[in-house]
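What follows are several structures.
The two complexes that follow have chain A in common; it is paired with chain B in the first and with chain C in the second.
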Partner chain A sequence: MSDPDPVPTLRAKARELLEQGTVRAVVGYQSHAESGLPVPAVITRPDQAEALVFNPLCAHNLSRYVQGGAEKPVAVVAKACDTRALVVMMQESHIRREDVFVIAMGCTGIVDAARIDERARAPWRRIEAIRTDGDAVAVETDAGVARLSLTEDLLPRCVACPVPQPVIDDVRLGDFPEAPPGRPDPLAAQVAEIEAMGRDERRRFFSETYNRCIRCYACRNVCPLCFCEKCFADETRPQWVPRSTLGGGNELYHMVRAMHLAGRCIGCGACERACPVGLPLMAVNTKMAQVVDGMFGHVAGVRMDDTPPFAVYRDADPDLPGHGGGKS
Partner chain B sequence: MEAVQAQHEDKRPKIVAFLCNWCSYAGADLAGSGRMDYPANLRVIRVPCSGRVDPLFVLKALEQGADAVLVSGCHPGDCHYAKGNYYARRRLTALLELLEFTGVPPHKYRFEWVSASEGKEFAQVIREMVEALNAAEQKAAMAHV
Partner chain C sequence: MKGTPLFLPGDRVGSWVGALAGSSTVFGPQVGSSGRPEFALVRDPSAVDLSLDARRASIRELWMPQTEILFRYRLDSQGATLEAVPRPEGSRVAFGIRPCEAAAIRRVTHVFRQGKHPDPLGLEAEGMAIVGLYCASPRRTCFCAQVGSPVDMAEEACDVLMTPISGGHVLHVMTDRGGSLAGVSGAAQATSDQVSAAGAVHAGLITAVPADGAIGALEATALEVWASEVFADQGARCIGCGVCTFLCPACHCFDILDERQGTGGARYRCWDSCQFDHFTLHASRHNPRHDQAARLRQRVLHKFLYMPQEFGVTGCTGCGRCAELCPVGISIRQVVADVRAAMAQEQGVTVA
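Then we have the complex of A and B:
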């Protein structure tokens, strides 16, 4: 319990990194000018460091912002789980370790911002302050205080937080839980629930899910690991996915995305939070993470020296059904 | 000729088969040159290696209306390129899990190792696929009675 409020230290660190020229930009969180909710911020001047915040509403995985044309070297504010995305990007040579300064933030879970609406006494317009005391988060709004709990109101992916310690870091601020909280994982429970259905019922479940998709590609665009410069869904020669959702292609898009994220998805749930029509997008991602762990013993982004699971093979890999393994 | 063509085009169920050039395509060829009898429901797409088969191809073929998709390549250890089929195996076994999880009927896909000498086995795979497709179609028809 060394650092009860890491925000002043965070601001000082960001200022120092920019002043000394260690990095050209710092990616962090700032309060949105209207709502006060935390949103991503990319700052490049030391005086902007005062705008940085960190609190249990900082859901975004900011590793999305260290890619492509981002100024480098870049510092990024990362929760322990977020560092897994950075690790996958480094394993795939998408970014270089030396280009990223990781400011790891202690985190005991992120609360679901939608719960503020439920707990505030009246419709709120603006968050004035967010105070954390133990497991309680007091979100002070212009319409009174919404009290959230760091055990009851967590995002699904935080409930059983599998990786409470950062995989990589250059500086650690705040307190990090030593071990996972040991609560049952709601994402795994969802997969188990789907698996318990009959095959026809599963087919209906996924058809109905994908039929509702408006193909806005928010899930892809928000995903820290959907970083192909030319996505198969954007290709026109050949056109794998039609432009209009009326021409079909929803299911193809989601199934191929599931394959592209197999063994890479770190389970941040950004896709599901970004989805404007509320699709349970994490179901296939969680399932494929289980599959790749079960078959190839690979968990995405938890060890720096791992090789991407589909870039390697073993003789003893599980074989196709009807083939005992190895040569038949 | 036209009659033959029409018969060929109408052949249902339609199976899209991605066959590796070195083993399974040769296996299919052997089935043909050996005059082995198997249903003419195949549309073969020859690929250099089963490692060339992107799961996207399989899913796109199904989406475009293929009744079933077959992916076939050299047995593990026999790849012309030494290890292409090992990479394919990881992708295909993972894809099998996704198809199963999302409830895609199992008669709509099959992944098999078929060597260049296994003409008989190739014919058997196609017979089994067509039987399974016909059985599923019959079951579906019965459900509407």
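Then we have the complex of A and C:
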């Protein structure tokens, strides 16, 4: 089934869900009033459904907005990859399947909005229209058209999109690619590059990276799977992590967060995109996912009936070579 | 533009920075270790590059470092022994920051001066001389000319203002301190052509920012705008991170904490943010700003209602950092515009 423009159907569905009281809110994308860039929207009235959009600039992983405290039931507009976060939340009993109505949107990749700055006559202030034709995305701004490509200008996490089909859905809108695009993964390449560094160089790379962190916690707050009611980083009694940015506090924060996301991070890249100082946060996340896959054969959120490695204890669980843990 | 206009050829900027760095601590736009533009301590004057667009880098770091040790202490059976940590000495110069950023830094000192106990640390920013750099063009989210005027902000806050024109910069000297700074630049009297070229740049920036989005202080009482749905709507998508406040040149909230290892430690000051959910959390667990809408309202009203009421100036100078860097695209200009529109419509309250 081919649905060239799923947006009218999306709006009708959102309106229907709100009118019939099936959900209390719909989380979707709307065009920003000033820039026209898609931004998250939480709508609660049927008439607001007209504002919903979906296009190849819809980067946000909206499953973040269905975390614990949100009003339920809630409908969420989700790309295939975003559904993985919902699956992990459900496997961890953070949310219940029946509390979330999943509006899955067909997606062949999201383009990097930063490319608009490069391709339009800067500074553009407003996007008037976004037109997709095959591989071409024409972003019409007040400062000319920025032409982007759905192969050349994709977000790093979309280049080798591993899960183009939604893991769970209540309705599917648009066209879903049958299989991953089979392109080499730039994130894996980044990991390989860091691994190829010598010990000192790698040490320098990480300390320079984390030195620049301003501890705004946007990476944590935007993450769909950072849903602890009280984050270790905010605790002051005891204070697990120094809040000062002079010593090792930044590194500690990032290492503990990475560990807390091990086997849970679905690689959406939201953290890296949110970072206001441009830290390459996906390198560690990608490595962590590789380790978990290699040791436990687990890829987070790709099957509803999986058991996450954190949720089980098996005597036969492997240890990292040279790290015996409790076993000898 | 007030002040005597001088002209400094483009190739003389480096030697001027060198001269300033000889007698002061200078901060200026440079390429950081990551390859991104940032404002940093000038070690090599030739690394200062005024063509860099550092308008999304932190400015707050210049006058209030993210982490600052106030004193160290040692604990023993007798109690605590304090060890003072000396404050940075000598004069400091912020070189090449923009009019909006300069005005933001100056406005913050109102906050630290008020009340019975002015905060000497906060007021150190007053001692920092500012050599401003006028913008040839705005960034996408810049709105200085919608919340005031970049020319007025330059006059309000800069000791010297540099305006880029063909071949170099016109320098407007605004203060005595600015006179001594410009005195070592080797700049000559500007010609009338150079002065009018600078005037065209001044006006050009103002025209480049759309006039129809103008906003200003909210002329309402807090009660009149408190329940505005705009805060609830926008707050529903705000993720409560520290991006907008940590990067804002006019935000100034901090926390005081101790870090102790064994029997010794330090008391330090570090940035804090009204957007964090624990910022107003009481020991009783009561949180008067209990949701993100309330926290967003605080940020907006602090800048557009409370600061104007207390000090007659907005706590936002339209630098556009928060709007461009917010992970979910919340624009303070838009929020204020929406609140004003909603108030005007719903209650007939004039918030012009």
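By our rule, the second predicted complex is superposed on the first by the 314 of 328 C-alpha atoms of A that agree within 3 Å, B and C clash if a C-alpha of one lies under 4 Å from a C-alpha of the other, contacts with A are read in each partner's own complex, and residues count from 1 in each chain.
Just so we're on the same page, a contact is a pair of C-beta atoms (placed from the backbone, for glycine too) under 8 Å apart; a residue touches a chain by one contact, two chains touch by 3 or more.
This is a predicted model, so every value here is computed, not measured.
When both complexes are overlaid on chain A, the residue A:97 reaches neither chain B nor chain C. After overlaying the two complexes on the shared chain, residue contacts for A:222 are found with chain C alone; chain B is out of touch. By the touch criterion defined above, A:212 reaches chain C but does not reach chain B. Of the two partner chains placed by the overlay, neither chain B nor chain C lies in contact with A:131.
In the overlay built on the shared chain, the residue A:203 is in contact with chain B alone; chain C does not reach it. Contacts of A:319 after superposition on the shared chain: chain B is touched, whereas chain C is not. Using the contact criterion defined above for the overlaid structures, shared-chain residue A:33 touches chain C, although it does not reach chain B.
By the touch criterion stated above, chain A contacts chain C in their complex at residues 32-35, 37, 39-42, 60, 64-65, 117, 122-125, 208-209, 212, 214-218, 220-222, 234, 236, 239, 242-247, 270, 273-274, 276-278.
Across the complex, chain C meets chain A through its residues 32-34, 36, 56, 58, 66-67, 69, 137-142, 210, 213, 233, 236-237, 239-243, 246-247, 255, 257, 259, 268, 270-271, 273, 276, 278, 323, 325, 327-331, 333-334, 338. Interface residues of chain B, counted against chain A in their complex, comprise 55-56, 59-60, 63, 75-78, 83, 86-87, 89-98, 100-105, 111-113.
Interface residues of chain A facing chain B in the complex, by the touch rule stated above, are 194-195, 197, 199-206, 232, 240, 248-249, 251-252, 255-256, 258-259, 262-263, 284, 287-288, 291-292, 295-296, 309-311, 313, 315, 317-323, 326-328.
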